[in-house]
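Okay, so chain A shows up in both of these, paired with chain B first and chain C after.
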Partner chain A sequence: MRNMNDIWTGNLKVSGCLVAAIAAALAAAVVAGGLPPSTIARGALSEVEGQATGQAPAPPPASQAPQQPPEVSLVISGDPGTPPRYAVPDFVALSPDAAEMARTIAQVLWDDLAFERDFYMIPRDTYATVPAAQSAAQIPFDRWRELGADAVVFGTVRRTGDEVRVEVRLFAVRTRQQVFGKEYTGTAANPRLYAHTASDEIHLQQRNLRGVARTKLTFSSDRNRERVAGPIDNREVKEIYISDYDGANQRRITTSRQLNINPSWSPDARALAYTTFGPIPDIFISYLYRGVRENPTRGRGTNYLPVFSPDGTRIAFMSGRDGNPEIYVVNVDGSNLRRITNHPAGDTTPTWSPTGTQIAFVSDRAGAPQIYIVGADGLNLRRLTSESHADRPTWSPAPFNEIAFTARTGPGYDIKVYDLATGMTRRITFGEGSNESPAYAPNGKHLAFMSTRAGRYQVFTIGRDGRGVRQVTREGGNFTPAWSN
Partner chain B sequence: MPKVLASAPNAGGRHQRGRRVSPTLSEINVVPMVDVMLVLLVIFMVAAPMLQRGVEVNLPVATRSQEISTEQVFVDLPISYRQNRRVFIDKEPIRIDVLPERVRQIMLTRTTKIVYLRGDAQVNLQELYEVFDRLREAGVVNVGIISAAPGEQ
Partner chain C sequence: MKAAAVVLLMVSSVAGAACGRRQAPPVTVPTPPPTAGPPAVTAAPPPPPQRVEEALPVPPEPLAEDGLASRSLDELNRDSPFTPAFFALDSADRDEAARAVVVANAELLRRYPTWVVTIEGHCDERGTAEYNLALGERRAVAVKTYLVSLGIAPDRLRTISYGQEFPFDPGHDEAAWAKNRRAHFVITAK
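Moving on to the complex of A and B:
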């Protein structure tokens, strides 16, 4: 989450203000807990890092990956040809009421580090053979070495009332040297965020990788089983939800009792654009931290499938305002509406290239729906795919240059990826249920998608190599995920 | 089998880590087991034919044969296991309760999930089964028992 920058600048926000602002939410209500606890400050442990102490380096902008690590630091390597092996034992609770939090943070940190698959994570149930250390000086490196660990995390949690102080250190087992050390302070509202933050920082420092532990998913869900309030037809509503990337902290955003579908994140992850089927289908933007809902299309025509441009200033969407579905671009404030496509066939589901200069979309102008790309100025249109049915393209972030989409592969659909450099298409899923609507994680290494493999449609995440499927949602039916920066 | 036999003269030093294996060992009998739980049965079924030793293959000399033979995972089970509950992988002593995780890590990079056990002849069945159980925990389904050929001592 971008507003986690507060960690770095040391700004202390009071989450209560946030609550008040959001309580006034119009159609878009965000529960305070859905936001990251914003009172985490960060300080370098002075005895910890041999390098920069004091002023924390500002995190590099998330949009450019991979990034340079902010400081020179020791990198733990594994045996030749194998990823380094990490152990994350329970953190030490320095106050009695922090015990549960200490366990949670360690477990979540383990999960976060495992998610990127850049480390071999030694299963936590094997740590019973290693005596627990109460201080960093007591870490039994010989025993961790015996368990095969290259790196071991030592952490402490101290809780004073509602204030929490979490210390995370990473040691190289061979040299017994500390290679990472951070201290975080904040509230007890969301202990998982301490782990997410530490995970992202460890990935950045050790692997020069932008982790996604602090990113969020959004999707639409019919879980609350309400009926549509308006006169459209008697069907269940769908509302927009957000959750952490791992499915924790699921929060409802819209409360309009309408069909709210196809959400997408603004690049700063502070707003969602989505389609609402009110009297007519139209596009809305909910600003999560301001509790404001806006309608950039100003109620003109039928409008669907909004996606923010990478710089956050424009929205591409599909509209039937001129008689048949075409792709349009409009500024977020509703100005400068431009039509991008012009064809008697239907053009739909736009997605931006990472540079914002091109738009990929679906058209049935050649019969079956296929993926096309066109310049954001409407020029240089060309067809990419030759599937029996291709739908829902999502352009990957750099450094990958590919478009994931849904392709019919029999009775159901599967996720495929079109590589723009080679023109080759590869498959990510293989007929386990119907798999649709892919969305890239901001580092391009993962995709969220919806699948019927576990019954009703649910949101899953998967590696871009097709490995490591994780189920994110379980309640009701959940559809069309999007992944925040 | 040929892989192990390929250990030729230059591999002699490699095999010294087995307590029971002589340093000049040139041939090893390997009894692959399909299922560790069937190991007892299979030992007695296979041991008799194996006493005559497998077909001896005169392998061509190749510099890479050393590498192939080191891909095998050997777990040494010396008699000292009875006192300290430690086995050895690559001469590194490893407590038996840590063994599953260590073997799991090693198996990640191996295509064949087989472990060769170099056990001391004095190791009893109970001890053998302790090791089998731990190897099975690590996802190993094939365990080979290594023995020296008669007259090789």
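Moving on to the complex of A and C:
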């Protein structure tokens, strides 16, 4: 798991050193690790105001201690029983070439803050009646109050060549107090990243919630419409892609022109494991930042559906190497291969428990495929589901203790969730298209899945309560998503 | 009726010979010699009729003008001499039709002993993407196991599963699904 300290230890220069295409694909993520923020303390308010109005821009402190844990008094609350109502007007462009960026950052920040549904986000097209503030001192709190806002964001963007400086401040409308203030610098390559960073920090400070705005998705896609080299017609390749959690910055990772499917993230979000049909299906790990591809299963038998253990040291997968689909575990370096299941029926689609001590998988040993749990040592087998067809278990992160899976609910499938504490199953989707292959967000509050509700299979995200569906992909067909930490 | 009587007579005559009962043919029924060939003529207890067969033909080397032998791998697979074996819904069991297909394919593999094939397991789209990888794997293995039992060397047979990834018929009805639940033979070396 990425922690806050890691994020601040990166160096922006790193992005300039990356030359390979794969590195370019991940430059955004590297920038994420290279934003040296400086805290705008409340005491420095007047100094920052001077900068906001364009007078004597004071150099911000290069480095300060990370934001302290939120004080109770700094948390903005809404009316009793309702989430606080937030407004995010366009940021102020402090240089002429920053205007577009100022709009983008505000819109993305609004979307990010809306995603967790911990805030009520006042629609941006209703702000026209509120005069735009050019400095924090000009914020028309009365007008925001009329619009029902409990909190308003004020931000500025200054661009100097490729260097960008972004200031984000959050004010309580009632008290007119600043409760959050950060300044970020970095390149102009991906303005959305400033919004994502601010959103995650606001969620942490205001709601003590780990936001997911800087996380990424991976999925396989046939959008290139290339054909597998070979004699058989109509075999389209699938390549592995990654994107931001909201579908922006979609990048192709594999370029093998083969069938590449079922990607999964390493826990540090720096590697992907997936199945490549070359044409014998085998498991590969692409270390994105090193530009290295490894093959822990070493071409033995047929190998499918890899998933990293939570500590990143092992891969669980399905293999037909012993003549029947069974679950195996191998170290990422290819050592210490162990067989977990042993049954003449088919065992497939493994997933790890958050502690790495158990594996959930699918077996048709009782007839229809159902979800089972077994210890990572192969002991203590337990059946969970009684569906007409169940597949793709995915174990939630703590504090939730549940397994989402695909269940047949008619001609098609829906996403269901099995609560391990109560043994109860609830439904997340309700027959809008066929819905398969759920994957939890790292905070457990969301799931990515694939659905035919918009035509061909596309990747969507949805809240664990079944609300807040968002379409992530639109180009070609997109399949079997996984969500990074 | 009459034909049945004659057959009965023939059968009893043959059975009589086989049982070594005394041959006393006062009425020689001109039985067409069964494939067993000439009857034993020794007076001593006649041995059972000896089955005479032609020596096994030498497996014919594919001739130069053999259409299949001269074709490239790509050409062979584009218009494959192998017939796919089809499966029932959510099943890797070989039904009678599938077994007949595999027997015919085994014959072809015997005729072209250098050919190496990959048996691809395929599924229709009604299962789930992940489970279908396991189901296709079992379909391919089921066909391989049967081929090996028919005497084909296992090292000439690779198995893989494409799950539901590459349907042969892109349709969404039973006719299409039936075509897509199959073990497909691809020649990978010759």
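The rule we apply is simple: the second predicted complex is superposed on the first by the 417 of 485 C-alpha atoms of A that agree within 3 Å, B and C clash if a C-alpha of one lies under 4 Å from a C-alpha of the other, contacts with A are read in each partner's own complex, and residues count from 1 in each chain.
By our rule, contacts are C-beta pairs under 8 Å (C-beta built on N, C-alpha and C of every residue); 3 or more make two chains touch, one makes a residue touch a chain.
The shown structure was predicted, so the numbers you read here are calculated from the model rather than taken from an experiment.
A.B. asks: Give one word, clash or fit, describing how chain B and chain C relate on chain A after superposing.
C.D. replies: fit
A.B. asks: Once the shared chain is lined up, is A:277 touching chain B (first), chain C (second), both, or neither of them?
C.D. replies: A:277: touches chain C, not chain B.
A.B. asks: For A:437, decide between first (touching chain B), second (touching chain C), both and neither.
C.D. replies: In the superposed model, A:437 contacts chain C only, not chain B.
A.B. asks: Is A:147 touching anything from chain B or chain C once the two structures are fitted on A? First, second, both or neither.
C.D. replies: first
A.B. asks: In the overlay, work out which of chain B or chain C sits against more residues of chain A.
C.D. replies: Chain A has more residues touched by C than by the other partner.
A.B. asks: Counting only touches as set out at the top, which of chain B and chain C does A:123 meet: first, second, both, neither?
C.D. replies: first
A.B. asks: Examine A:85 and indicate which partner it touches, taking first as chain B and second as chain C; both and neither are also allowed.
C.D. replies: First partner only, chain B.
A.B. asks: Can you work out, in whole Å, how close the C-alpha atoms of chain B and chain C get once everything is superposed?
C.D. replies: Checking C-alpha atoms only, chain B sits 39 Å from chain C at its nearest point.
A.B. asks: Okay, in this complex, where on chain A does chain B touch?
C.D. replies: Listed in rising order, the residues of chain A that touch chain B are 81-82, 85, 120, 122-123, 126, 129, 146-148.
A.B. asks: In the complex formed with chain A, which residues of chain B make contact?
C.D. replies: Checking each residue of chain B against chain A gives 94-95, 97-98, 100-102, 105, 108-109.
A.B. asks: Using the touch definition from the top, list the residues of chain C that touch chain A in their complex.
C.D. replies: Spelled out, the residues of chain C in touch with chain A are 73-78, 90, 118, 126-131, 133-135, 137-138, 141, 158-162, 165-166, 170, 186.
A.B. asks: Provide the residue numbers of chain A that touch chain C in the complex, in ascending order.
C.D. replies: Residues 230-235, 238, 259, 261-262, 277, 279-281, 302, 304-305, 318, 320, 323-325, 346-349, 362, 364, 368-369, 389, 391-392, 406, 411, 413, 436-437, 479-480 of chain A touch chain C in their complex.
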